[in-house]
Structure formats: structure tokens, C-alpha cells
Amino acid sequence: MKIHEYQAREIFKKYGLPVPNHVLCHSVAEVKEAVKNLDRLVVVKAQVLVGGRGKAGGVKLAKTEAAAVAAAGQILGMDIKGCQVEKVIVADAVDIEKEYYVGLINDRNAKSVTLMVSAEGGVEIEEVAQTNPELIHRFPINPQTGLLDFQARDMAMKLFDDMKLVRQAADIFQKLYRIFIETDSTLAEINPMVLTPDKQILAIDGKMNFDDNALYRQPEILAMREADEDELKEIDAKEKGLSYIKLDGNIGCMVNGAGLAMATMDMIKLYGGNPANFLDIGGSSNPQKVVDAMNILLSDKNVQAVMINIFGGITRCDDVARGLIEALDTIKTDIPIVVRLSGTNAEEGLALLEQTGLPTVSTMSEAAKKAIELSKR
Amino acid sequence: MSILVNKDTKLLVQGITGRDGQFHAARMKEYGTRVVAGTSPGKGGASVLGIPVFNTVDEAVKTTGANTSIIFVPAPFAADAILEASYAGIDLVIAISEGVPILDMIRITPVLKQNGTKLIGPNCPGLITPDEALIGILPGMIFKKGNIGLMSRSGTLTYEVVNMLTHSGMGQSTVVGIGGDPVAGLYYLELLEMYQNDPETEAIVLIGEIGGDAEEQAAAYIAKHVTKPVVAFIAGQTAPPGKRMGHAGAIISSGSGTAEEKMKAFAAAGVPVAKEPSEIPQLLAEKLAKASV
Amino acid sequence: MKIHEYQAREIFKKYGLPVPNHVLCHSVAEVKEAVKNLDRLVVVKAQVLVGGRGKAGGVKLAKTEAAAVAAAGQILGMDIKGCQVEKVIVADAVDIEKEYYVGLINDRNAKSVTLMVSAEGGVEIEEVAQTNPELIHRFPINPQTGLLDFQARDMAMKLFDDMKLVRQAADIFQKLYRIFIETDSTLAEINPMVLTPDKQILAIDGKMNFDDNALYRQPEILAMREADEDELKEIDAKEKGLSYIKLDGNIGCMVNGAGLAMATMDMIKLYGGNPANFLDIGGSSNPQKVVDAMNILLSDKNVQAVMINIFGGITRCDDVARGLIEALDTIKTDIPIVVRLSGTNAEEGLALLEQTGLPTVSTMSEAAKKAIELSKR
Amino acid sequence: MSILVNKDTKLLVQGITGRDGQFHAARMKEYGTRVVAGTSPGKGGASVLGIPVFNTVDEAVKTTGANTSIIFVPAPFAADAILEASYAGIDLVIAISEGVPILDMIRITPVLKQNGTKLIGPNCPGLITPDEALIGILPGMIFKKGNIGLMSRSGTLTYEVVNMLTHSGMGQSTVVGIGGDPVAGLYYLELLEMYQNDPETEAIVLIGEIGGDAEEQAAAYIAKHVTKPVVAFIAGQTAPPGKRMGHAGAIISSGSGTAEEKMKAFAAAGVPVAKEPSEIPQLLAEKLAKASV
């Protein structure tokens, strides 16, 4: 789960991280109110859940009331990578002497939370990772001890020489680690963390993602969820026991199992088609699930053919076939559907499906080719 | 031989009185696995399918000598169940539970290491040594005893491949579903070492997915340490690149975890990568033929 | 540092432990107010920092307003082991089916926090420890994992068979452990923890001690400190860099080092005397410290002679002698004082002390004998 | 030989720029201890008394090969300093700092064990192998090289006893002040084993105190494993019994930690207990005379 920058700032503040003040605004009128008698430099920042808003013009400095209001007028309603900007923050701007990167992430390899810091802060950190990986310092944190004082200090010394700054930065790292652990984060970034000319370290922008599997024990984080349309669809699917991600193609897929679902998409591509989605219905022959999945799938107007790919394991193919028949009874659609059944009791299943008149096949490759062919009619 | 489990494995089922636990305990027993005990706090003294139920893993181990445990408890309690098995001296734990918080896994990892416990999963289908022991939720009937070692991050995709192998007459030594979670137990490197050392395994199939860099690491390991033929398949070549975890996700894997990079790594290690699952038996046959020359 | 039962109850409640309601009262009038229209059984309990108040009559049940007020009248002002009762709580009484003991303590041997539980709860737990130690179950908690769910459950199963009660108790153990860790406790006891006839588990009485060395990071705990007169003296001494504990004898001791101070007391006893105190002035020749120590020591009216026992180590005896001379200049007293100096530069120190006219010796035994002799004049 | 430290010990002083650190670094150096480095974050590159100062223990160890560290940092930072030494590969850490929270010590104990680091203290005066290495705040001039091993929970009481030994012509192999805190590093049992195995140590003096049951454990250990003569002294025979930690304090030590019980335990183990410190040399002489018969 992702949250907005303003939400990350609120969490940071709660834990005592040094964050400049900001006001959240939903309209130009609110911005006008927030910048009344403006006597300092502020920055108006779009609040969207996608990256790259700076390049898209979603971040603007303003020194006067009029300039701030004008900036907000331009930013609010703007489209950034498909997201419409509905909120901005007006934050105190600070003088920046130097920018740094600080990030915590779950590290698959080290099987730990890893702290990453770099003196090359700002938006280009991914590029740094590609071109100069040695400029990013990593420290896998032992979960049994947490980030010890001396370890935090060691990492801070990679960014600063002045011991006062080292202590400030080390304190920030430890607080960020506490936030990470206590909120079940999967990512907690301060980028940039900045040094001001008067030798203060501040967190200027924050980004946090959370572990969906841990939301059950994070009610405060869950309450922050503000999903966009696509995500709402994914969340809705998840609540129905389905895993759905919309893509750009025209062949809808319904598969049991995530790996098989990905392999199915790959197969469609391999034979010259274009998958419209990833959709994993998990391991059940429940007809309702098939109905739900089909409804979600067909709500995408791009879909011109559907490929159902089921490998029967513990769930037997004849049971799955019965579920499909029941489900297809309630779904009325003109979109052509091809069904592939394989594995346990596949033959019985395919025989049962004959009554539906749907084209059935027994291998993935055939199914993919057939779906592509049907989509072109 | 085979790896990890065999006909001497004495299995404990944690959460045996739950819906899934009971269902799969029956399946595993039917297959011939030696299911010696179950646990369910408060139901100690009962019996399920003729399997004695204990309140604690410790009691179960002391009474029955169980050395392997499979976990069916709900995700919020899975990490604790794994630790209970570990502290009770279980050697190998297979965690089927799906949806375990990542930080739970990170917290238990050093404890398992200290206790010398091997873990498979969580969120995995389990493993099987055909005709000896089925430990998990895999459909036993599609497997066939033989000499191919297979490991995979996927569930049904594994069955798909196994089904093809079996239909091509290629039986399996041991098939391991390592699970799809970001932080998990045994992974490619440990299993590659085991397969390499297992006299019963003649060739290895590795089924990977996008995300992380475990496949790249496996490729490097194979180039250096594995002399047996290996064939790979990567799922997710067309998956959308947007679905990853911000800047740091890309940084940490020192690569972006794309299928393309993984396939390149395997190519560099001399491991053929199947374009679609149905190619795997053929690629294996070619590799085996070359190896026997 | 110790706290009152009512303070422990407040901490328990904050962490969600099941504690019956109570009202803290400082006077009979407050009790009267608290029990207006009493319709249930309550217990009036003296709030003192010493044990044994039950046997002393400091705990009384009451069913009516009048009975509760009468009980409070008897208890308030009562003397329990030298402590005057200044506060009582009026707590809801509960029906008790069975009593249990739960305690957490820093375990020297296991070098861990150890959980102890027993089905033999109530005030006689110390006796159980002596006579039936096997009835007390111990579990040393690994600080790296904390008290794991299954471990808490295992311990709870030693007290209960019913799984609902096991889960209630396990939850209490884990919360008590969290309290212990987060407050730097040295002791956290629930005694008794009771089972009611309607199968609820409640914490009826709580006792908590805290690590004095950790109070600097426990401002909320420190704010709870209510010391009695003797403790105030000890705290005052501590703030002056001294460690002082009042005893019942008549020979005051001033020593550098805790072990040597104890050995000095033992020596006085060995030769037939009676030490008036333990007083460790630590490792410094600072005259002010000697003045402070002497003032504290002489504030005890029982003192009839003083033995100063200094072993010079890094601190040289001649420096100590100079400090003593300066200090004794400002202290006017008729109480006889014997000084023993030994160790580094002892001879120089003893020579310097000749001007004071104080009897000086070079061994502990001589000093003890001399002090006893002087105390009898 | 001797135990724990000798003329090859390469000492690091953590907190060398503080008042106590600097003072005692000078003393130790004067005594002849090889003080090879100091640390003080932010003062790396400086030099104190000719000793190079580093920002981190890791740098200090890598540059100077220090293998032992003494800690003078204030109590709230002591546990972290001990861990920094431990992770940097220091073998033996001596923590002088007084007032370290007990839970800090409990937290670091398993880490030290995992890293294989030995700890003495905290709240201890340190240790000395006379004429070879003084590591701590002990007054070097009262010690004399010899064959008595001495360990003690006290500071000045130790000096008192050592002074008597030295005046009686009984030199010391190694004298260790283990410190008076409830949770500490090396204790009687570990040191008894070292003294027993040290060819240079002929007899052992154990100075105990009331509280806990370490002396009782030591007595039992001596009866079972120590063949060298041991003499003991217990301080606090007249200490008030009220000063203990509630019910649990008494329960946990499975005994009430009184001097009487400790003396009884030593008597049962055949260890003579001195009534006052001045008796110790005589008791030792008697024991040694018997042993040499």
C-alpha cells in the first residue's frame, strides 16, 4: 500500500523527524487561505501516488501570495502519468546546501531491513544505482538488535564529517528505522534529506509503502489508504479472493496461480497477441469466483477475447468445469472465450464443457493461439 | 537419496484441526507420507484421521520423533508456529500459510539460523519426493519417480511443467516449491547445492519469476558450482514494469529484476531458457544427451 | 525505585491488563465520596511501600458505605512497619475461585528477564519457593525474540487447561513483559492473579520496582517517585555522589568503596560493636564529599563514634588526608572519630593527620577496635 | 601465562578523550600496558599521550590490531560501546562504566555470545597481570607478580586484600575485578576454570558479597572441578536483609543470598572463609602448605 507525501510527512513528524511545515489543500481557495500574507518562500507540490511529478510540472516555488495561488491553479487538476491531481501541499521552502538520499527497504537477499544512504540525493538516485553503485552505502540491519547507535553513526559518517551533523543524521536513521518497524513498511525513503546553510538536516520529501499482508495489524496506516481507480479495482478483486492487475492489451486472461498467470500472458505475447490483464483466481472451483473474475475482466472495454487457463491439481478439472458452466450461465457476453483445462481429470472436464459450445483445448499454446485468432475476428 | 525428504521423514502437521490442515493431512497420508503427529493447542489428546494431536510441538516431537513439520495456521500466527517448531528441534519446516507479514519473516530468520532449522516457504506449495513423501498441497498424482530435480517460485506453473515432464517420461527426484514471498527460507542456491550433491538427481529445472535477483544469483552459482545439466524458465516476461517498490526496490536488487536480465544471466551461465513451458522436456533431453556424450 | 500498588495498577491499565477499578483516596472524606451509594463489595487497601500490610490490618473488605468509611478511618494514619499510611485505594472486590502468582524479574544467572508463574498464588509465594520450588515454573526470556506467543501459551498451560483461559493468561504474560521492558523494571509482579467463578482472569494486586540506573530514560516512572524519609536521605546522598543506608547501630562508618564498606561493618560486628550505617564515599578526595558524608552520618542521633576507613588506590592517601583535614575544619562535633588510612602514600597521609589530634591507625581491625572503645566512653 | 591479559595484550581505550579515559590511559601506559589506540567519535586523527585516536572501533582494530578494549564512556552509552567493540572483533572488553541499565546488559549478552566476545564488568575496576598489563583503574603499585589468582566483586576491598597479600610476600598471577552489577560478564565459574588451567596460578582467592547466588555456584563448581587451593571472603555479613528485590528476588536466587548461606556453601566445598580480610594470607599459606605435602 502506498501513501501520499503529506501522509508520510505526518508520520515522520509524529516520530520526531525534522520536517518543514506544510498545509494540505484541496482547492485553490484553500491555498489562498494558506498563503495569506506570505512572507517566505514556499513550495507547492502535487500529491499523487506516482513518481515523476517534478518533471511533469507538479512542483513549483512561490514567493508571493499571488504566485502560490497561480501555481496551485496550474497544478490542481493536472494529469500526471494518468493520475489527476486533487490535492497539493504548500510547504515551507528551505535553503539547500546539499542533498542526500536515505532509504530503508526489505532486502530479499540479506533477509533483513537494509539502510541505504548516499551523498548523491535527489530524484536521480536510481540512475546513481545503475551507474555508480559504490556511491550508495548499504547496511543490512540485524532484526535482533535493531539499528545500533554506533552503526547509525558509522553510516552517518559516510555522509558527514562534522560530528554534530553525524549525530543529527544518525538520530534520523534510527527514527526512520523505528517508523519502518512499527508501521510494517516495505519502503521508507527520505529523498532528499537536505543540509541547510545553517547546518540543519531536514527531511524534505518522504515516500512510504506498506506491507499489504500486515495491514490487519496497522489500523492507523490502513485508515490512510487513498486508492485511485485502478487500485480500487485491484483491492476489490483482492477482497473477492482474486488477484487482478489491468494491462493495455485486448486478450483477457483468467488463470489459477500467479506464476501460471504470468506464463499465460507471456505465451499470448509469444504468439503475437497482447494480454489485457493479469488475473489469478487462486485454487478453488467456486463458481462465484469465476463469475466475479469474469465480471472484472469484461469491465475492461479493450478486451476482445478471453482465455481461461486452468491446471487442475488438488482441485480436479471436472469440478472446475462444473463451476465454469454454472458461472457462464449467468454471464451474458458476446466476447469469444476459449477454455483450456489440463491436469487432474482434464478429459472429464473437457467433455463436460462440450455442452457450452465454447472452444476447448488441452494445452496452453493452443489456447493462446486460439484466443489470438478469436480476438481478430 | 533425493533431497530434504524421503520415506523416513516423520511429519508433524501444525494446525491439523483446521480446514486446510485436515484436508491436506489426509492427502499426504494417502500418498504414503509418514504423518506421525498434529498439533492444535487445546485439542491435545484427540486424534485426526488416526493421527495423534498434541497441544504443543515440543510434546509432539518428544512423543513421536517428528523431524519435519508443515504449517497450515493462518498467516498472523505462522511466524510463531515456525519458531515453535524450530525451538522444538524440528529440522525442516514447510510453511504453506499465505500472507505472512514480511517483517515477521525477517524477525525469525536469524533465530532459525541459530537453531539450525531449515525453512521452505512461506506461501509455498511444499515439496515432494515421488513415491516417498509428499509434504505440501501439491497434486501427488502428476508426479513420477525419476532423476530430474525441480525448484520453482510458482505453484500451478510448477504442476504444468511437472505434468509435461511426466508425460515425456522424465520422472523427478525431488520437486520443491520455494514460494513467492520476498523473504523466504531455502532458495535456489541452497537447493542447487543439494541437487548437485544428490546422486539421484541427473538434471535440474529452475522455474523463476520476475522480481528480485535470485535468478541472477542462481545463474552465477550454476556457472561456478553446478556440473549437472540445468534448464530454466522465467515467468513474467510481459509483466508491467510499474509494479515494483519505488526507487529502493530497483536499487536493492542491483538490477531491475526483469525477465530479460534474468534470461541474459542464464544465457551467460550456459543455461538454456525455455520460451514456453512445453519446451522444457526437449531442452532437458538435449542437455542430458550432450552430458552423456 | 519502588512504586505504590495504585501506581502499578495505573501502569497495568495503560497496557490493557485486566485490573478491577479503584479510586485513590487521601482522607476519610475522599473515601466517603468514593463509596456514595455503595452497591457492591469493595476492598479498602493501605498504600505503603512495604510488604505485609494484609497481616498488619491494612486491607479490609466493606459492603456498605458506613463499613468502607470505618475501614478507611482505621487504615489511614496506621503505622505499617514504620510507614504511616497516607493513602488508601477503594477497589472493586471480586469473587475468587483460585489465586495464581505471576512475576517477571531480572535473572542474574540466566542473564535474562525470567517469567515465573505458579498455581500457588497469594502472599505465601516466598514460602512456596522455599518448601516446594517445583511448584514455581520459570522461563528465561530470550531478549532477542521477546516472549513468543507459543512460549507464553506453554507457561499459561501450566496454570490452566481451558484454552480460553490459557489465551487470556498468555496475553497477560506478554503485556506484563512489554511493561517490564518499556519501563526498565527490575520486578513486575501480579500477586495474586485471580480466576473468577465466571472464568475471567484479573490482576488483583501489582508490585513494580524499577532500575535506578535507567530512570534517566524513564521520565514517567521517575515522576511517580514517592520516597519516605529514609529513602529521601538515600536519594539525597546519591545526588551528592554518596551511597548511604541507615542501620540501627551506634558506630558511624565512612568508607571508600561498597565492598570495603560492607567489610568494615562486618569488622565492627566481629569485634562486638554495631554499625550505624553503610556509607560509601566512592573514589575521590574531594573535601566537600567528606563534609557531606559526615553531615549525613551525624544526622543520625544514635551515632556515638565514627570510623573513617580509607584505602588509597589511584587516589593517594596524602590527598585524602588533606581533604579530611579541610573537611574536619568545618565540622564541629563532640563525637569521637578514628581514621584509618592504608594503601598508596598511607604514611604521608597519617603524618599529615597528626595535626588534627584524631586517633589514626593503619589497619581495619585496629580502627574497628578503637571505634568500639571510643563509643563506650 | 596468567589469564586473560599479558604483555602481548594490545589495548584500545574507548572514550579516551574523556576525563577518566585520558587519566587512566596515562596510568595504564605508565604501568607498561600496550595501549595501542583510543576512540572518540569525531576526534579521529588526533593523538592523546602519543596514542592514536580513531572515530570508530573498527578503524582502530584494523589499523592497530587491538584485541582488548576498555570502556570509559558514560553509562547510557556503555552498552553500545561494548557492542561496537564486539562487532569489530575485539576478544575481551572491560567495561568500567558505572550505572549501566540492567536491561541494556541483558540485551547485549546474547550478541556477545554470538560474536564470541568476553566481557568483564560493567561497574568493575578492571584486571591486572602484574608486571605485564594493567587494564582498569586499579592502583598498579600495590600488586606484585606471583602465583595467587584473585577475583572479586568489590573494588577497594580487593586492593585491601591484594595489599595484604603483597605485604605477606604473596604475589599475584592475575587479579580480576568482576564488578558488582546484577548482570555482568565473566563471573566466578568462568574465571575458576581459567585459573585452574593456568600453570602460573597456584592458589585462588575469591572475594564475594551478599546478594545473588554466584558464590554458592562457585562453591559447588570448586568442589567438583578445582584442585588448586581456594580461600574465600564474603563481605556484607551484617548488611540489612530488607534491601532486596521483593518476592521474586528471593525466589530467583533459590536462596536468599545471605552471607551465612554463602559461607555454609564454601565450608561444604572445603573452602576456608576468612572472618576478616587480614586472615586471608594465613589461610592461603596453610592451604598451600597442605597442598604441597
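Miscellaneous remarks
Here the chain labels run A, B, C and D in written order, and each chain numbers its own residues starting at 1.
Please note the rule applied: contacts are C-beta pairs under 8 Å (C-beta built on N, C-alpha and C of every residue); 3 or more make two chains touch, one makes a residue touch a chain.
As the structure is a prediction and not an experimental result, all values here were calculated from the model.
Counted as hops between touching chains, the shortest connection from chain B to chain D is 2.
Compared on C-beta pairs in contact, A-B and A-D come out with A-B as the pair having more. Distance between Cα centroids is largest for the pairing of chain B with C. Centre to centre, using the average C-alpha position, chain C and chain D are separated by 27 Å. Averaging Cα coordinates per chain places chain B and chain C 56 Å apart. Contact of a single residue of chain B with at least two other chains is seen at positions 107, 110-111. Along chain C, residues 144-145 each make contact with two or more other chains. Contact residues of chain A toward chain D in the complex are 144-145, 148-150, 153-154, 157, 162-163, 166. Of all the residues in chain D, the ones that touch chain C in their complex are 24, 27, 75-76, 99-107, 109-111, 137-139, 141-142, 152-160, 163, 180, 182-183, 207, 209-210, 212-214, 217, 233, 235-240, 243, 245-254, 259, 275-278.
Only residues 51, 103-109, 111-114, 116, 125-126, 129, 133, 136, 138, 142-144, 181, 184, 186-187, 189, 191, 207, 209, 211, 213-214, 216-217, 245, 247, 255-260, 262-263, 265-270, 275, 278, 283, 311-314, 342-344, 363-365 of chain A touch chain B when the two sit together in their complex.
Residues 41-42, 55-58, 77, 80-81, 83-84, 87, 107, 110-111 of chain D touch chain A in their complex.
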